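Letters A, B, C and D mark the chains in the order given here, with residues in each chain numbered from 1 onward.
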């Protein structure tokens, strides 16, 4: 048997109670990898708790190759010598995320998630960009050769902010939304082809777009084109009727994340490429589904209320810049049961980059040609090869024309938002809102008020240049 | 003195009572040009009337170089041997244009003009495209070397339809909207610089965009940058207040075309390039001003009611494909007064192409590099050099990023509309509506109903493939 | 154990004595694959011999999954229902290849290979293009969904000719030149890193360029950048001295294929990317090494004399369009020894496309974005992912500027040659010669004479349009 | 009558005896322009002499609007407040230009001019680039809004060097080579169309390429396509025979500048676009005509011997960086005869930029879209509109494919040369030589020796970084 590969991973936002523990668990279960995990969090105590958790974890019988876990008070100490940097933070206090939803709602703009696009996403981006540019500088100082894997949203703009100040940084953004699409199709393969359900990773998607607004232009299982199968399913079996009743039920039960993928499928039948993120995300990039709550519910999608978020991610809400987190981990006596893999790919990516099992997956990275109709350097999400110390994007099949236009528009809004954040320019932020698909129909005076409120509410997290 | 240049001009839509007479008058006043004007109209009698009008005109003392004007019953006869083809028709009965406004209005979508973009423009385009592709084939058969000058709206898509079937056609689209912007700035030069008001053509604009959604990225008079002057004017003098009262007055008086250019100026102060078409057009390309009638009026812009159009262009309303026209020419006893130049550039363009006075002006033509960020071949509006038998576009200054994005979106909607028209594909037409800035926020079901009504109402003017 | 995958492979040029037997052997050794191999050759008898050979082969103990092999008299029968088409033919009689070398030599232009570029390659391309466009039409008629794997040279132009008439064909060109570069580096890893020599496929190269003029912009083994290792080797150990003596020896011994990779290394030290084809090929794309035989020998490279080729590929020389072949297979009593894998990747590619083991390798295919500075659609050679029924190119690292220019020039010469072949236009062929790096310094009159002789000599293999 | 426009022109290289006097004379004859001409020269005394010359000139009866001419010892004083900067210098001592020709000649590379391309041009560029980057910085400090009009060769790289350090500089390069092509065609119009010879400016050329390697893709007079006329002339009348005898005569008579345009015409008949620079320049960009002196003479072109240059531009030869100049001005008792316009366009350009008569002409400036297949920012030569305080390029008709490739190659060589000069990198300079059409066929060892000699000979004019 081969010796495990030894690496140092720095974890910015390492005080999280939920994500960090998943990462620790996945690492512990990966026999091929060992080394050092340096936790950094602006809430040091939270990181220190995770250090203690890792000691317990190491004793678990399923822990195959425990990492040496250590909480650091200084970022430099965490970063120095790192081969990998994980970034997963909460941009600003949790309460600000609630405002990202509630303020636009007062202007009639509802968002199902609010962390990526629309006024909520723009607001969140503006307070994240300065944090990320600062981290980029630290990384280039202390571990310029490290691979940076970002999990924070807004994914695209966090990644773009890193490259804006450090063009040579080796950063990607990772997101699991596409996994859900693979799983749906895996289920379809099972039901329609009479075979055991394949693992989601056997479903090959040709993914392209920008994070949370991605599309599969091709889908196959063992070389079999799955779109004819999907056509039959959608025309013969799928229930396209009004899903308002189901939505009401979801809300009553507090189940805010489910959906029947009606929106992903609707993109497919209208435009010819399958939505490859969850419906909660997809609806935020176009105006059609969020034009009213009724329309949203009709498609079987519900909002995640800000109150729910505040309840779930309670504590760190008051620790701006600390790890984004959930409050419910107490309900997960992780260490008392067989260890469970999170299903995330972070550790698999580290393995592949460290020279282990190669991985072909979708990543967010600068456009080098993988989407030839998008400008070079824009952060796009497509398939890529992850190999020993290399990530190389794969050329994506061109999107259908209408989708290409919709993606381009998102790219433009994000570009304006990035410039607004880098230059601390409220006028560019207003332009971003003006172009945003969810805001555009507001009169300009109202958009100005909306921006004004968003900026003022975020004042604690924004540089002075904005005011 | 030089002999006049002799040319043959074919005029498709030559039965118009208003436009054709202006053209006839402008031609008569141009001493440098003579030859033959072949009028063709699906309403032959209307063309024959214009032939008789021209005989009267020739007797007018201001008529310097009368053309031989002849109405033709066969298109081939009009086209054969033509050096120039003017195209100015009404796409479908006038009543259909009323529907282009009224049907969307029933869905809550108001349009100030409705002939270029939005659901009205898309509807009009769908019935125009087959007419234009047919004309393109006739032109390539009978006078493939002729210069084709189109005046019909939707300008961009009419011109694009010609090139779609006849890539070697020598066609441009001409529009006078930019003249208004020049005039405004000429007035400003007069008032602020203490000089007599220059002729509008002395105001040099660097124009770019697509027809009716164009912007001046630079403006100068005798080399003097006019933007600082405009800055002062807009910040110190211009009345940005609510213009609802004025709008109400306009409506009461039936003055549907005026505006205070508040929208053109608003683009300028927000984005850095000056709207270079009338406000009535500009507002239709973005969602912000037409979000409600109140918002529109607040900016001093009013709708042109469909009833007004029906009243004005009465008669030809029942002659689909005949010349677009106005009913009021009886009020213009043209021949009793000194002849008046229309202010249009059509005859100047013919002169320049025929080897007379060179002309630098804005034209609509395929993108050959004049707008490097727009795809090649797209019909764009920028400055161009018109010289003897040559039209060469001039490279435009790049638009500010947000405007570039807005223009790209219009280009995409138009591209989908063109494909819809060429392939007779209602699904592509629906995609065009989905992406259109005025429609996007409607739920998809409503958009489908809107399209359904538009197609059905236009059934007489659409090919069967749509149904 | 899994059942073998069953496919039908059509083999155009299936009468070859050498290549076809290698393919038959590789197929026989691949337990995972079975099915039907349909041999087609304009020399039917040769194909029939291979059918008989396959019967013997099936009895060999190493034959794991014998194919049903059948020679066909009609191309349509061979192609019908094929999942794969192999193409490996000799374009024109062998004697013509000798002329490709000897005629230019009389004009002072020496070529080491003469099948890809330079006057020899252009001559060969002109007689190949009509053959390939005809095959493309047959393939699209009889098996439009088949994967076409071309081995014939000129690789780029054969593949380009297929796409020129059948844009939807699923064709790639395959070449083993890069394997040699991998092997060299594998040897280096062994010698310098003190590990057993890795298999060549473990050496990861980021390949780009056009066939036979490819470069590795990155090279790694298990994530370790090999360029520092190569730097040390080239500066400390490599013998850069005059290799004329060695070249003389090679010639004396009739060893015309060896080289010390001095040219590949010279590209690396001058331009920063490693030549990834054999020196015999690389020298033909630039003027520096073939400026004289002395200069060539100084770099340790020798010409393959046409007499040698005629001797080796004797018999089929008189069968124009038949399989390119070697005469020496009698010396290889293939069936008496343990079967030996050819080292080629053709069968591995079929396996990957048929849903077996995925393969990442370099292929020749239209540019979809993998080389963003080369025009779309140009046939380039880069890495690609071969998966079940999919080949997707991987984005290549940009070439250093000077190499990009050299590659662009080759692309331009090939584009002119392709147009010359498709339009049967000798003037375009002359333009190709004028731009070709090996010919450019000839006075134009001499170039015209050269072209004249080449065309006349190839008259039997060229369409009438050329004369 | 309008008052003359008043401007300040700074003249770098203002000590020239020939060019400066032409400029002074042209300015004096232009009634519409007046103001200040600030002469700067590293040879102050030479500039002072021109100041005195101007006093004489002012007394001439043909002097309509004499400028106030003043020689300055400090560059800053000359530049401060300038509206225009003329740049016309000799890069390095005249003797170095002789070496630019003689050293390559010793390696078998002959050049007819040697100031633009080939080893001579590259050598000259390397010593010019640092001078120009320094001037660019001075201009941006003292008169950043001035229009900079460069006359120095290598035109493209001088202009490129300005933009490399000052991207916002308003610089163009001006060259009169195209005038010759216009004159030839004007003569043809006269002879073949039976009209008085038109002024060269009436011949409209669609020019594109890079300076001295430009092509007319269209040519017309009063809208009449001149190419059919040219076709007839070249096939029926033009003497294509060996011109060696004529060349010998030219050399015997010391007439080194004439030619019969055989090369310009040869480009036309081979590639479809007319060479738009003199044959002496055109032959240097391709290998075919300079492959031997015999071949050159056969085309009626002769070299300008370095001895002739040394004789002609005697004195300033020893003033590196001083104005490039001719020694023969004593033979031109300029002031005793009616003043003669130089035929150059510099003053007309100033007039147009200053708000006078607009000018459409060819200029060298960064590519903004005028040549869409060339990368943005590359200095290209195409038509442009010169208007009051504006220069806007006109989109050029695409070059025929083979010419596009030849131009791209020149662009690449120039890009490498520019980078070599800016980074002081001899390896990049070697790459430029390797790619240069005149040098490419030399063995690399010889090219290295050639570069070595060129650099060493230029050591006095090169920064230390090169050594």
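Quick note on the criterion: a contact is a pair of C-beta atoms (placed from the backbone, for glycine too) under 8 Å apart; a residue touches a chain by one contact, two chains touch by 3 or more.
Quantities reported herein were computed from a predicted structural model and do not represent experimental measurements.
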Task: Farthest chain (mean CA position) relative to chain D - done: A
Open item on the list: Could you work out how far the Cα centre of chain B sits from that of chain C, in whole Å?
Closed with: 57
Open item on the list: Just the number, please: Cα centre separation of chain A and chain C in whole Å.
Closed with: 44
Task: Multi-chain contact sites of chain B, meaning residues that touch two or more partners - done: none
TODO: Could you classify the connectivity of these chains, where an edge means two chains touch, as line, ring, star, complete or other?
DONE: ring
- [ ] Could you please write down every pair of chains that are in touch?
- [x] A-B, A-C, B-D, C-D
Task: Of all residues in chain D, those that touch chain C in their complex - done: 266, 270-271, 286-289, 291-292, 295, 298, 401-402, 404-406, 408-409, 412-413, 415-416, 419, 427, 430-431, 434-435, 437, 440-444, 447
- [ ] Would you pull the chain A residues touching chain C in the complex into a rising list?
- [x] 204, 206, 218, 220, 222-225, 353-355, 360, 368-372, 376, 383, 385, 387-390, 392-396
